[in-house]
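First the structure, which I've put down as structure tokens, then a few questions once you've had a look.
A, B, C and D are the chain letters, set down in written order, and residue numbers restart from 1 in every chain.
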């Protein structure tokens, strides 16, 4: 019988939940350096998905590596089987929709499958200028699954309608996706409270599972749009003892996945602490 | 007849980059941005540039903070885990810096089109994105003449100058990139003039020994500049990692125009080798290189 | 969980190539054609294939002579300095083999479009060429939606199967090409299924050691077959040169249907290792490899 | 003073004349293995054009090598600075018209700048099926100069109108070329008799120079279309003694450039002879 971990953080729960989305043989696009997502993919690769292909920076199909804050790019590059430019990446993966997953995060997400990484407020006179969407506006439509992870599930993030549609899933239902030349797959968001997903254009996001200790009511209150709330909602599968041990000892010994969950000032202190450990690991502290 | 050398000094960049130019800037995320050239642009007070980046970070933020840009084309500008880019935010939120936010693939495909000498290339573009609506000069719907299918045409992008940072080059300008190449190769194909800074200039024999690492032929390069640690505080994989300590200092400094001005004086407005001393010299370089080597595979 | 192996035997190709398939054939000129797979197609009597080549030679001529093709798409088929391709000529001049002669860039760009999942790509195509007139299903004039400029749209090409010969691969199907790659990479991106024959199958560690030589990721490969000297009588640069002595013999044999039939019996309709003995075995292999090593630079 | 060779073959004359078309810094596309053209480029590279870039097979900017019948591809590959696929080649050179020269040959060529490598006779019922044009139909328009070489200058080759236009220069005059985004440059054919060139759409090919001992009358008689025949036609510059020595001793010791000039049966014998020398060079004969 599976032995679940007794002790895990919400970051670890999200990380493992994301890892479980990976299927063996998947082509996984890592994108920006987001420790939680990176840890998920590496965990999947060393457990149930050894035939998956990891893509990050210019590195293709690299060996899984121990996560650190500074070394992800160097490790991916050193462990790669192939190196390519962004255009070769497009020509080999993205334009054809050959990517299976790439977990994105965004400032706002809405009930239609739109995400906003551009601005809060009016486009030409914004209150907040966000980073922009990089390739997300194009590729979230193309990936088999559109995965998102949100460390802070609030009505400010999950809004009825995003201020600006930076990108959108565009084609949602399985039938429509096949017709448009894309593989079918859901929009699925993993948050600090629950897993919500949308599989049809006409239907709202549905609560798929609730994290241990979280109620449907809490999720509904923290979501700015209508949710389908099934009568019986399963609990999100907890991390196994093995998974938590792997994360802490092997995949992420510096604890980088907790970084996203630290508030403002604490974040810098936490980062300094990680960096101190990294220096120590090479004998410079 | 003799072999032409394209080797120049940082101070020579003004022979190629002019006020008002559209400058494509290589690198991506916190990796391989041509920071030594960026600093030299600021030192030389080259102004009114339009910067073109796919995935920018401190390269763009520095240029904006130093007042070198009059326009920005980008798909992404962020200091990654360190936060949003402070000068970038301030310039757009408070000072109305004009910009074109173009989706990532449209920038890459636009550069590809520029390099191919076609005014556009079609793809299954960002249908439904508001960015398409906001910048119609970069996107048009087009029908396939064979199938009637609806596609998006991305407009060609032709920079006046491309600047990139790479691992090594020979005197003739043959360039090798070992790590993250971003859209550097595509920018070099599309641009009218090109400058490459490299970690080291080597002999042509050395280039031929590992010819598979060569990414740019000499006829696509106008000037090569040796600039060791020339991507600092960004990484140049797999040689050295980005400098998180310096970037934290930068984030602090860039939090207000006043402290950012101090930063420029303290770090940028001095010869490049003095910059390298200011950021920690040989010891810091050794740490950043060591971190890049000590990776653990599982 | 275990690592999947894609290693197959030559006799396994019929799991992937079916009668009537559109097969893109890698290599170019007299270089790197997947000749061991070509011979196996003939042995297996796979028929009614449409072959797609950019720059073909004996690969195409053999398939035509053995009666495996019902249609041919090509931009060039020639035995180079040895003369025109005999079966190719005979089939077209005397037997009316249906074919699509498509200009070289249109084939390459058509494959590129196939790999990018767009029905066409525009370029400054072969205006004024009669081939455009003869095959309107592959060329359409198109206007740039930004500039109004007239361009030619090349139609996407999506082969059912791509077959190529390469230097080495690992069990997972990661492929390295050291020499002439032709359009092999583009064919592999465009095709629905892909078979690669290689000089040697190696460990993944070996691949990673010289990762810059890797041209095709494992997820673009369905089957890998070890076939040493698998491009013979073509070259596989820089490992061995084409075999001029065998090609002269071939030219002689292919000059009439009767002698060609004898050639098939003597060389093709036997196990691949017997073919290698028939063409001269280890000694001939040594000569061809030695020639490829003994080059003189000026 | 330049010392011209007293003794040279017509192949050597053509080879040197083609080499003189190369300017230092040119990007030179080698295409199919044609010994005469290969020898020209290598000769140019080791004499007056050291900064030129040679492209052949997948090899870019390779060191000049000694020509042999079997080893051009291996030598180009081993001496390359960079390797690319045909698509990278297109993206870097051809689509932008960055190539300066690529000497082509064809079955027929006409007064309009058209070439035919397809068929003699009717397209659907040909008397002779040629090899096809490979990339020529596109790139001869784009290269700075359109160069051709013809070992046999006859009215069967130079016809009023080719049976099939496989490819054509399309934009000819300097002004039109610049307007169309191409660099200006002539159509220039080097034959066994003369050099003829066309620089304006409305004007015929003109005899630019006559090989030593050839008369304008001979050229006119052997050309199936109208030629401009200037009153005074210079003699084609002879190979220098140094050039001939370089060709025979250094660039082409096996004599591969003569291959194209051997008639039918003799060709095979000549080839056997070359191959025997090649075997000998590696100690196998």
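The criterion applied here is as follows: contacts are C-beta pairs under 8 Å (C-beta built on N, C-alpha and C of every residue); 3 or more make two chains touch, one makes a residue touch a chain.
Because the structure is a prediction, the values reported are computed rather than measured.
Between the contact lists of chain A and chain D, the overlap consists of B, C. For the pairs C-D and B-D, the larger set of C-beta contacts lies at C-D. Taking each chain's centre as the mean of its C-alpha atoms, chain A lies 27 Å from chain B. Once the centre of each chain is set as its mean CA position, chain B and chain C turn out to be 38 Å apart. Those residues of chain A in touch with two or more other chains are numbered 63, 79, 83, 90, 95, 181. Shared contact sites, meaning residues of chain C that touch two or more other chains, fall at 112, 116-118, 123-124, 212, 215. Going by the touch rule set out above, the chain pairs that meet are A-B, A-C, B-C, B-D, C-D.
Those residues of chain B lying in contact with chain A across their complex are 28-31, 54-55, 74-78, 80-81, 84-85, 88-89, 92-93, 101, 103-106, 108-109, 112, 123-131, 134, 178-186, 215, 235, 237-238, 241-242, 244-245, 248, 287, 290-298.
Contact residues of chain C toward chain A in the complex are 1-4, 112, 115-118, 170, 172, 174, 189, 204, 207-208, 211-212, 214-220. For chain B in complex with chain C, the residues that touch the partner chain are 116-124, 137, 140-142, 144-147, 149, 151, 153, 155, 210, 212-213. Residue ranges on chain A touching chain C, taken from their complex, read 24-25, 27, 47-51, 53, 60-61, 63, 79-83, 90-92, 95-98, 181. Contact residues on chain D toward chain C in their complex (touch as defined above): 32-35, 42, 46, 57-59, 63-66, 68-71, 73-79, 83-87, 90, 94-95, 114, 118, 123, 126-139, 141-142, 164-168, 170, 181, 250-251, 259, 268, 271-272, 275, 278-279, 281-282, 284.
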